[in-house]
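What follows is subunit A paired twice: with subunit B in the first complex and subunit C in the second.
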Partner chain A sequence: MSNIPTDLKYARTHEWLRTLSDGNVEVGISDHAQAALGDLVFVQLPDVGRAVAAGDACAVVESVKAASDLYAPVAGHVVAINEALSKEPELINQDPYGRGWVMRLKPDGATAGLLSAADYQKVADESEG
Partner chain B sequence: MVDFGGWDMPVAYGSQIEEHQAVRRSAGVFDVSHMCIVDVTGARARDLLSRLLANDIGRLTTLGKALYTCMLNDSGGVIDDLIVYRMEGGDYRLVVNAGTRDKDMAWIGAHAASLDVSLLERRDLAMLAIQGPQARERTASLLSYDGSRTVLALETFFAARLGEWFVARTGYTGEDGFEVMLPASEAGSFWQRLNGAGVRCCGLGARDTLRLEAGMNLYGNDMDEQTHPLESGLGWTVAFEPSARDFIGRAALEAIRIRGSDNKLVGLVLEERTVLRSHQKVKVPGVGDGEVTSGTFSPTLGRSIGLARVPSATQATVEVEVRGRFLPARVVRPPFVRHGKVLVQ
Partner chain C sequence: MPFIPHTDDDVREMLAVIGVPSIETLFEEIPAGLRVQSLAEVPEGLSELEVMQLMTERAHADGRPKCFIGAGAYEHHIPAAVWSTVTRGEFYSAYTPYQAEASQGTLQTIYEYQTMMASLTGMQVSNASLYDGATAVAEASLMAVRANRRSKSARILLPRSLHPHYRDVTLASASNQGLKFEELPYDRATGQLAPGALSGLDGQDITALVIQQPNFLGVMEEVDALTDWAHAHGALVVAVVNPISLALLKPPGQWGAKGADIAVGDGQPLGCPLSSGGPYFGFMTTRMEHVRQMPGRIVGRTVDLDGRPGFTLTLQAREQHIRRAKATSNICTNQGLLMMAGTVYLSLMGAEGMERVAAASMARTEQLAQLLTAIGGVRRTFSHPVFHEIVLSLDRPVAAVLAALAERDIQGGLDLTEYYPELGNALLVCATETKSQLDIEAYARAMTEALRAVRAA
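Right after this comes the complex of A and B.
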């Protein structure tokens, strides 16, 4: 079973979102998603400063098995990226909700339309078949 | 778990890359019981295989010797690739792919009938591949004194029978090791004893990255019935000598050899930080187009490698279409890695 922390919000496309104390949001991929992808080998990060709309593909996480887009769960501007992933993409496998974070966004508006941990659990269960 | 030719098989037991590294650096074990083992018996078994196999069964002059070969159709297309072992009394053992089992059995059976040769599929046997620089010693440490001496004395591409077990110094990883065929009822306990001896469990994922680094073809990806050995990097497995041996596919391959093959299979190394995948388009400027037949991330090189079928005139570089962009790739001669050492620039 994958780990789905209850203090985070989730997107149907398997991103998680954490609201930070400065109002920015941190984004990564869920434990369920990293397990399904397997060992990550490359991560393409967005440029800092880039404006993104909710649902924009803004990073690529690539494993031995497959490449997968990471979509912005909310609209905003990229304010930080996790440079460590360029050298150590496996951080996403090892610590998907911590050292494996992908980017931080300054959101333009509210973070509506995201899933609670309980609702995301259902999405994860369905994709496990 | 994934479905693989009707078998439920794990892609990885844990980290696929760690499993890969275990085989390159120490030892790992793969459950390859899905492979189909067929014993070929009868006075004319050799005649049958001389006709069916593109490599020369006549090379198996000693007991236990193994030979890698393709089995071709009349137009030179590859029905399957397989290993054949010389057994006692003029008998042979074949190990063919799981995904091609049904058509292989039908093809071989159709040619065997008129020669009064019997085929026996050994579903009673399991097969474990123990691979890596420590694989032979760790495996031998679990055998009897005599058994251990016998298997450690095996040369590369030779096998020996130990009672109901059959131990071959063969593999699909580019490392030293054994492939052990044993009664299925004994496979579980042997697997656990291997784990106890420090041999790591490895899944299909690591098997694929290891074979690709070793420059070994995968049937269905790198060759099939629509492609022939001479455009699949397998010309070395076709025995045109002796010239009197009339194997199926010979006439077609000789015609191709005279006019020259249109295509060839090459190795690719990608500089960009992404991964080659099968079926990606290859552009060779001024020459033509090709296709990636197998691609992956190479844990040993730390970048992506692949095999591609390209026009024969292809030189040192090509472009591969990866997710909408054309990226430069260098053309190299496989293998990429053997015995833990990187062999390409």
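Right after this comes the complex of A and C.
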């Protein structure tokens, strides 16, 4: 049973999104996603300043058995990336909602179309089933 | 497991399932004009004995000429141990095994190949080989676009003095993937990349500069200055090199202040016979920072559960069986058998043997150039130093001279008229350690006679 904090929003593609006090959003991958990928060995981060549309592939998380895209859950600009992941990709395995954050976006508009924790729980359950 | 073809019943059953009356129906969408109506040109099968007799007869029809053609494929001595090792049952396959880790011997050989190629090119990592030098340049161009994340232009600079086949293959396979290729001229006096070729590009977004050393015209490029120029302009450097030459020349990893970013080339000179044009193998090495953008397989060394050393395929997540359409390339197997020959060749020759081959080839070519240019009507086309290949300008059409040389059992070189018409009657010649003093003198005598014959005609 994976950990799905109720104060975050989620995308069907297993990203989580946290709205920060400055209006920017922090993005990472869910506990369910990190567990499905297994031990991460590499994270390819986007360039700061890059403009992304909702659904754009903008980072790659790679484990020993798979490499998956991380999709932007909302449109915006990349304002920060978690450089620590370059040296310690395992932070995503250890603390997916905290020190394992991937990037911060300045969103272009409202963060519509995302899932609540309860709805994402269903998505996670289905993909486990 | 025996190969069991479908029976007529199997075929009927499958057709019934998909609701098609005959196999022929499946091909109807191919326009009739494109379909071969009969295979009448293909002869009936022959027995092994008949094939041997036919091929021996045809080989004799060519005579036993001395070959002075290089142009990307070079005749070197291949120690007998190379192919007697490679054709052992344990190795005799073109493929990386599907259950790779069950074949520790094959993986160890690939690991040793990678180690030697990285060392030879002065780079940190090597893949397990590519198809040939031409596709290696195409793959390196695609890789440079992935690796150079600061550049948005996907612009690759290709010298006109790059091997023409490498240029053609690279344009054919990468142009449709969004890459833009631009040709850089060479200097007509020196044969090097023209000094002004790059000056117009200052301030522009360039993804990579391809540098062949020595270039197709045999001439040594100013690799340090070119590499530094590229890096100062945010471009990566793709080095295209002859592995034998690296026994004497500075390896790409040491070009300029930072070294080239990707090194590629054809591995044929390492133990692969000329054999009517192939198969050969391509190689690719790079710096660790780019390893995830490198196509092809990589073997790594590891330890098993009991702490014993072993070998394994590594970084597979970027490959097509896992990453699907987003894989770094569609290369799944490689030229395993030829790569194996290259590995055995390198092991047998060692650093000292390689140096002797390279030095002897260079000396033979210089000797040949001196003898040939002493003949009236033959001169060096370019002023700059060469490795083991040189362009000569003749005062008669090259095709006629080559035909007259062939009558004297000399394959005199490559006629450049088709590839570089601007050079006029230009001939690319090469001598390796396989040519003796007598061979070279015989070529010079034959050239004197051939020119006389052509003039008289």
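As a convention for this text, the second predicted complex is superposed on the first by the 129 of 129 C-alpha atoms of A that agree within 3 Å, B and C clash if a C-alpha of one lies under 4 Å from a C-alpha of the other, contacts with A are read in each partner's own complex, and residues count from 1 in each chain.
We adopt the following convention: a contact is a pair of C-beta atoms (placed from the backbone, for glycine too) under 8 Å apart; a residue touches a chain by one contact, two chains touch by 3 or more.
None of these values were measured; they are calculated from a predicted model.
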Partner chain(s) touched by A:Asp47 [first = subunit B, second = subunit C, both, neither]: second
Contacts of A:Asn93 with subunit B and subunit C, given as first, second, both or neither: first
First (subunit B), second (subunit C), both or neither touched by A:Asp39: first
On subunit A, the residue positions that both subunit B and subunit C contact, one per complex: 41-42, 44, 62, 64-65, 67
Parts of subunit A lying in touch with subunit C, wherever the complex brings them together: 41-42, 44, 47, 62-67, 69
For the subunit C and subunit A complex, residues of the former touching the latter: 149, 292, 317-318, 322-323, 326
Touching residues on subunit B, where the partner in the complex is subunit A: 11-12, 15-17, 205, 209, 273-275, 296-297, 323
Interface residues, subunit A side, partner subunit B - complex: 38-39, 41-42, 44, 60, 62, 64-65, 67, 90, 93
